[in-house]
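Both complexes below contain chain A, partnered by chain B and then by chain C.
Moving on, here comes the complex of A and B:
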């Protein structure tokens, strides 16, 4: 009786050991193969909103509506060093709205009022239209609808605003819902490498 | 001044050229960014502000998730096998639901990692994060020794269903077994879809996750409805997703068959009263013995036992109070 139990125990141990070795082997194989984290990335030259040939196109808001998290993981970023600092910024103002007393369009473009406009540099109170202005997009308010991105283009804008992924919010879905919906395949997965900061930073055009 | 300006321009152009192969098929435009006014033009000591770049979670924070996963499983094993107390397990469930569910928004999870591991094994070009490998194998290793501690202590999907289970109904054994086969069908389908070529590849388990929408406070209305149905049904039928659909539960029940430790009903203590069988909402006690591959580590059997667990401890305390003065 007790001999039986021992034999069964031993058999169990052998089987367990075999499975353990098998799983360990697979784990080791995958560990060696594992080469970093994949991150989703917006390709600005494919995105309808930021491609320069489509200034009069309808805005594409799929990045806002398709993302699985409540506030989209995609948001607009103004690359300050490339910004024209225009007085009448076509991405900040709705340039088709009526001009107010101050000579500026009366309506803002952003439906969430996420862009802040402030004068910078040497301020000439006599000629405010010739001052430089900084346009700061509020990371928390922006939901990545792309309206400002679409408007910041030649001839009025320089194309300094692009859509980018908030990597602190992105949950790295196996298949990004935005990438499934995107008509231009502008969202793709890349391997996150050591130099993520620099590679993502330079990936603006 | 023009010389000073030209150099950054050249560097920028080189940087653009260097990244060009990334989008070989896209239309390339020269953005007139060189005409943007720079610090010198703007004057008055202006400094170009840093562009916000929210980075992914630190690598060590991702390892923290793995560490917490391991620690929570360890805690579940200790609470259930050594302490035999249900009350502490409920707190562990709430903590896991909070961290892995609501804080980490249901990602990264071992259930979904089945697909990543499948793809990584089949497709040599696919890159799998090391954390996904760890998250996939850790609960399986634990199950090989102690059973489904992951299901009982860590899984946020399980914890959610565990906490809504108010009036458990016993599912007839035959029906339970038949429905239990569904998870293997689901596992098979998930693997088949993950093995498709990259462009038509689909991740069914993630797409049809009924509870992840709750964790993120957003999601398709259809999946949220399915999740609500699971939760309402789960008030009466113990953990329906885990028992009948969860593909990872299928893998865990296979490895648990080999486990040498797990929830036990001690023969020399038992009374044959059957209270534990009544208490088990998952049909995991058969003929007064625990069926480990079905046991979801909830410790309800201990809670109900007059000779073990909380009832027995309470009796000891009563005896002590009523005992020597």
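Moving on, here comes the complex of A and C:
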């Protein structure tokens, strides 16, 4: 008998290898999921509200309306290292509203008043613009509607505010209702990273 | 005052007159030639908009300027490179702290000004390269408020320095020794008479005696004001990328305006209605 491998043998090995690899991947995925390492998360570069290529886009509120959790498991998160700390933040103010006597826009953007504007340091009474401001999102009020995210996006803002699934709120559905509804596949299961968790820890309720 | 778009120069691509990845700074020389800094080189366009010269820079330039003696200065990270008018390197000034990211260059009668975006201020040097003083740093923010990451300024015939301070929605006027002399502009929301958004204007140029030309982002446009902040003209174009920002601007003595679009790597040319003055 010849020791040469036939084409059928080769094909069989490839199929067996592929099946084994698939089963191994699935087993690893299920193990990680069982360990709580796999979590649903928003990919900011795909999300309509934050991705850079969609100028003048309408706000997408599916993270609020589709999540099975009351008030959603998604929150707007300000990554402070990227924030410009502007006096007039387009994510805090409706910058298209009329200007008030104080020189600031007369209306806020957030329908739930979930963002607090705090001066950093002492305000110059002669010139309030002579100050940096911190914008703190109250996650008890925020429902992840994405309006502030859209207005923070470049070039109007700096893209420091993005939507994030909060692991302490998400109930980890097998099929996340937001991911099913999201038109841009911006929500997917990813391996939970400790760095992300700790960087957000101080802003969870 | 009204302007019409007459030409688009450069653009994105591999052609000699085009830029592949970046277009950051513009300048004019006394002969009306346009200098554009981008990628890792300087390109020179003649008055007809034809590329007449190009040469490489040691590092990707953020700014370009032509001094009264005709030398060409390119602002980079940590240094400024100086070329003769033929593009031969004459010298390099290096100062990691005061030239962290040089995004604007200007000239006074006795000194050179370098806008340092890393420190959010302007540093003044004599022509031998000795540091003289800092401008725009002495305030509660310890610098200009530039969320967009670019310091830009212009020098007028009286040696006043007009610096864009977008986070404060104004253009501030400084003396060479760093005294704040005044400012023009304020946030006016959707009313175009002032400035809109979080942080405008981003860039500024002198547009003749008593006038400034500034550019804004979101929505991208150029505007002309007098020194008191009275709006004189709005210059808009459908050819600006809606996502562009930090559009550098220069104005020639005849009133022709050149505006860069760093997103599309274009230079848009606008002439006053009725044509440029001869």
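Remarks
Here is the rule we use: the second predicted complex is superposed on the first by the 150 of 205 C-alpha atoms of A that agree within 3 Å, B and C clash if a C-alpha of one lies under 4 Å from a C-alpha of the other, contacts with A are read in each partner's own complex, and residues count from 1 in each chain.
Rule of thumb we're sticking to: contacts are C-beta pairs under 8 Å (C-beta built on N, C-alpha and C of every residue); 3 or more make two chains touch, one makes a residue touch a chain.
Just so it is clear, the structure is predicted and the values come from calculations on it, not from any experiment.
Once the two complexes are overlaid on the shared chain, A:158 sits against chain B and chain C alike. By the document's definition of touching, of the two partners only chain B reaches A:166; chain C does not.
When both complexes are overlaid on chain A, the residue A:129 reaches chain C alone and has no touch with chain B. Look at A:121: by the touch rule set out above, it reaches both chain B and chain C. For chain A, the partner touching the most residues, choosing from chain B and chain C, is B.
Of the two partner chains placed around the shared chain by superposition, chain C is the only one that A:105 touches, whereas chain B remains out of contact.
Contacts of A:84 after superposition: both chain B and chain C are touched. After overlaying the two complexes on the shared chain, residue contacts for A:97 are found with chain C alone; chain B is out of touch.
Counting contacts as defined above, chain A residues 52-53, 84-85, 121-122, 132, 154, 158 meet chain B in one complex and chain C in the other.
Interface residues of chain B, counted against chain A in their complex, comprise 15-16, 18-19, 22-23, 26-29, 31-33, 35-38, 41-44, 46, 48-49, 51-57, 59, 62, 105-108, 112, 115-117, 120-121, 127-133, 137, 140-141, 144-145, 201-203, 206-207, 212, 216-219, 255, 258, 260. Listing the residues of chain A that touch chain C in their complex gives 52-53, 55-56, 84-90, 95-99, 103-105, 121-122, 124, 129-132, 154-158. Those residues of chain C lying in contact with chain A across their complex are 139-141, 145, 147, 167-170, 186-191, 196-199, 217-218, 220, 242-245. Taken together, the chain A residues at the contact with chain B in this complex read 12-13, 15-16, 19-20, 23, 26-27, 29-31, 33-39, 43, 45-46, 51-53, 68-70, 77-85, 120-123, 132, 134, 136, 139, 154, 158-160, 166-175, 190-192, 196-197, 199-203, 205.
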